[in-house]
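Heads up, the next two complexes both have subunit A, just with different partners, subunit B and then subunit C.
Now for the complex of A and B:
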C-alpha cells in the first residue's frame, strides 16, 4: 500500500481536543472522531510520517505487537482514504516531526467513528472546498477589514 | 387574523457596495408587515449614509466593532417583532421569501424556525470562479442552514439563546447545532428564496484556515454535548 499520505486540507476541517481528533468533511458535512491511538495516528499522518514508520512508533508507545499494529494502522489509513480525508503523498516528512512519547501504554484498536446526522446542517456555512484565497490587494479596491 | 410583525435584521460592516441591493430586496417583500433594522458593526465607510437615504423605512443601530455574531445580537435587541429574519448585507431575498415562510408558521403553529434553500451567485468580478464551480454540487440550490434564510420566532431565541459572540465565522452553524440539540421544530423549505453572493471579501474566504479551525471546534463541542446525552455514531 502507499507509504505516505497527507491530509486533504482543502476538503476538511479538523481539530484535536483532549486527545480526540474531530474531522469534518466539508463537502458532505459528515464528521468523524478518533480517540487516543487513532488521534495520534492522525497527527502522525499530518506530520508526513510514512505508514511503516507510524506502525513502528505505535509499537514503541503501546503494548502491542508489530503485526497487529501494522494491520490496524493500514486498516485505519484505508478507511480515512476511503472517506476522502487523506490522499497519497510524495512529500517528505516535516523536519523534526517525530513525536517524543511515553511508552508502554495499554493498546486499544484505533477506530474511525462516523457521524452522518448533521450533514444537511453543515453544508452551507463552511468554506467552499478548494476555494482559492484572493489577496485583498488584487481585488482592485480597498479591503473591508 | 392579524399578521405578525417580522423584524428584518441586516448585520453590516463596511457594506456600502451591496447593502442597497439587500435593503431593496427586503423592501420589495410581498409580506406586508415588516420592520427593517441595519445593525452596524462600526462601519467606517458610508454604510450609515446609504441607510440614511431610506429614511424612516430602515432603522440603524450601531456599535463599536465586535464581530458578526455580536452584530446580529445587536439587531435582535433592537427588534420588536415576534418573528426575526436576517439578511447579510451582500445577499438577496426572493420577493416572496417572508410571505412563503410565514405561511408555513400559519399552517404549522408548533413551528419555531423555518429555513429555505439558497443558491450562490458570483459577483461580476469573479466570473472566472463562477465557471470553475459550475459543476460543483454547491453551485446548485443547497439547504440554507444559515441566518440569511432563517425566519424564527423570537421565543426560540429566548429558549436556546442568541448567537455566540466569541465565534467569528461559525456562529450561525453553532446556533443551528444548538437548536437541533434542544429539539427545535424546524422546517426546511424546498423553495430557493435566498441568493448568497460570492465576492472577493466573503469573510470565510479571507481567513479560511481560522474559519475551518473554529468550525471543527464547534462541531467537536456539539458532539461532546450530544455524546454526553447518549448519542452514538452511525458506524465505525
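Now for the complex of A and C:
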C-alpha cells in the first residue's frame, strides 16, 4: 500500500465537526461521514502522515492491537482512495503535524458512511397537498401542490 | 400526513411537540409557534444543496443544542428529503427512538446499502408507510424491517365547509396537484378530448396547481383544440382547496407513478365528490372501485374517458358514489384514529406501557 496520501482538495469539500468528518465529492455530489476514529484518521491523512505512522498513532491512542489497527487503517484508506477522496502523495508530512492525543480510549472500527442518494433526495418533488403545511417556502415556489 | 395537523392534535392530547423543519427561500422566522406547537426552522436543505460545510456544521451544532434542550422521548422523521441526515448526525446528542414515516413513493430511489434511505430504514426503531402499497415497497427494499414497520394511513382533518350538491349543468372535472409528469394530468386531457363534449354542453376540465409540466399540458390542450373547456388555474392556496374541490362534479387522480397515498382523493371524498383514480400506489386503498368512484388503468385515456362518461351518464349513481366516499373517509381514514395510532406507536417505541 502507498505510504502517504493527500486529500483531493480540488474535488472535495470536507470538515470535521465535533469529532465527525463530513466530506462531499464535488464531482458526484456524494456525501460521506466518518465516526470519531475515522475522523481522526482523516485528519492525520490531511496532515501528511504515512499509513504506518497513522496505524502507530491509532494504537497509541486507542485500546487496539497493532494488527487490527493496521488492517483497519489500510481498509479505510483503500475506501477513501476508491471514492476518489484521497490520492497517493510523495510530499512529506507537515512540520509539527503529529497530534498530541489522549490514550487508552475505547476503539471502534472506523467506518466510512456513504450517501450516494443525496442528489436524488435533493431533487425530490414535495409530496402531495398538505404534507408541508408548515410554511416552508413561499406559496408560489413549492408549497403543497 | 399533515405534520402540523398531527402535531397540533398531539398537543391537544397533552403532549409537548417540537417541530424541526427546513427553511425555504423566504424569510420565515427561525423560531415560531403555531397552535402551541414550537417550530424551529434550520437551513438544512440550503447547507446540503450548496455543499457549504461551514453552514452544515453550524446547523448541526444548533440542532444538537436544541435536542439537548428538548430531550425528546421519541423523534419522528418525515422522509421527504435528505435533511434526515442532520438527525442521524446528532442522534447521540439526545438519544431517543426514531420513528420514520415514508410519505413518498420510493420505487425510483437508489436504495443500496450506501444510501441515506437505507441507513434511515436500518436505524429507525419503527418505519411507518402511509399505505399498504408503500409498506410492500419498503419491505421489499429491506425485508429485515418487516417486524418493525406498519401502515398508518394518511388522514386529513374534516374540511371546514359542508359539501354542496354535485354540479351537472354543466359538469366540472377537476385535477389538482403539482403539475409534474408523474401526476398524469396529460392522460386526463387526452381522456377529456375523447369525451362527447357536445352532449355534455359546457363541460370543463379544471387543471389546478402549478409546476414544471404546465407549459406542456397547456400545449397539449391547445393541440387537441380544447380551447376554453380546459382551464388552468395556476397555484391554489391551501385554504382555497376545499372550495375548489367542492365546485367539482368529479375529481380525477390519473397518476402514472406510484402515489404513496393520495391525499387529494381523500379530500375529494370528504366533500362528497366521486373520484376516478389510477390503479397505482395507495390510490386503490382509498377509492373503492364502483362504490366511491372508479379505479382505471394508469396511462389509459380511453379507460378514463369511459369511466368519466359512465359516471356523468348516471347522476344518481354519481351522487351515491360521492356520499359513499364521504362515509368511507370517516370509517377508513378518520383523523382522530390516525392521531391515536401515532400516539400508541410513540408509546410503544419509547417503551411505555400502552394506555388502556
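Some points to look at:
Basically, the second predicted complex is superposed on the first by the 119 of 145 C-alpha atoms of A that agree within 3 Å, B and C clash if a C-alpha of one lies under 4 Å from a C-alpha of the other, contacts with A are read in each partner's own complex, and residues count from 1 in each chain.
Going forward, a residue touches a chain if its C-beta (ideal position, glycine included) is under 8 Å from a C-beta of that chain, and two chains touch if they have at least 3 such contacts.
Keep in mind that this is a model prediction, so the values were computed, not measured.
Contacts of A:33 after superposition on the shared chain: both subunit B and subunit C are touched. Of the two partner chains, neither subunit B nor subunit C is touched by A:65.
Once the two complexes are overlaid on the shared chain, A:114 sits against subunit B and subunit C alike. The residues of subunit A shared by its contacts with subunit B and with subunit C are 13-15, 17, 20, 22, 24, 26, 31, 33, 113-118, 120-122, 124-128, 131, 133-134, 136, 139-141, 143-145. In the complex of the two chains, the subunit C residues touching subunit A come out as 1-5, 19, 21-26, 28, 34, 39, 41, 45, 48-49, 51-54, 56-57, 60-61, 64, 78, 80-82, 85, 89, 103-104, 108-112, 114-117, 119, 156, 176-178, 180, 182, 208-211, 235-238, 241, 259-264, 267. On the subunit A side of its complex with subunit B, the touching residues are 12-15, 17, 20, 22-24, 26-27, 31, 33, 111-118, 120-128, 131, 133-134, 136, 139-141, 143-145.
Residues 13-15, 45, 118, 125, 129, 133, 136-138, 142-146, 169-170, 172-173, 176-177, 180, 188, 196, 198, 200-201, 204-206, 208, 211-213, 215-217, 219-220, 222-224, 231, 233-236 of subunit B touch subunit A in their complex.
Only residues 13-15, 17-18, 20, 22, 24, 26, 29, 31, 33, 113-118, 120-122, 124-145 of subunit A touch subunit C when the two sit together in their complex.
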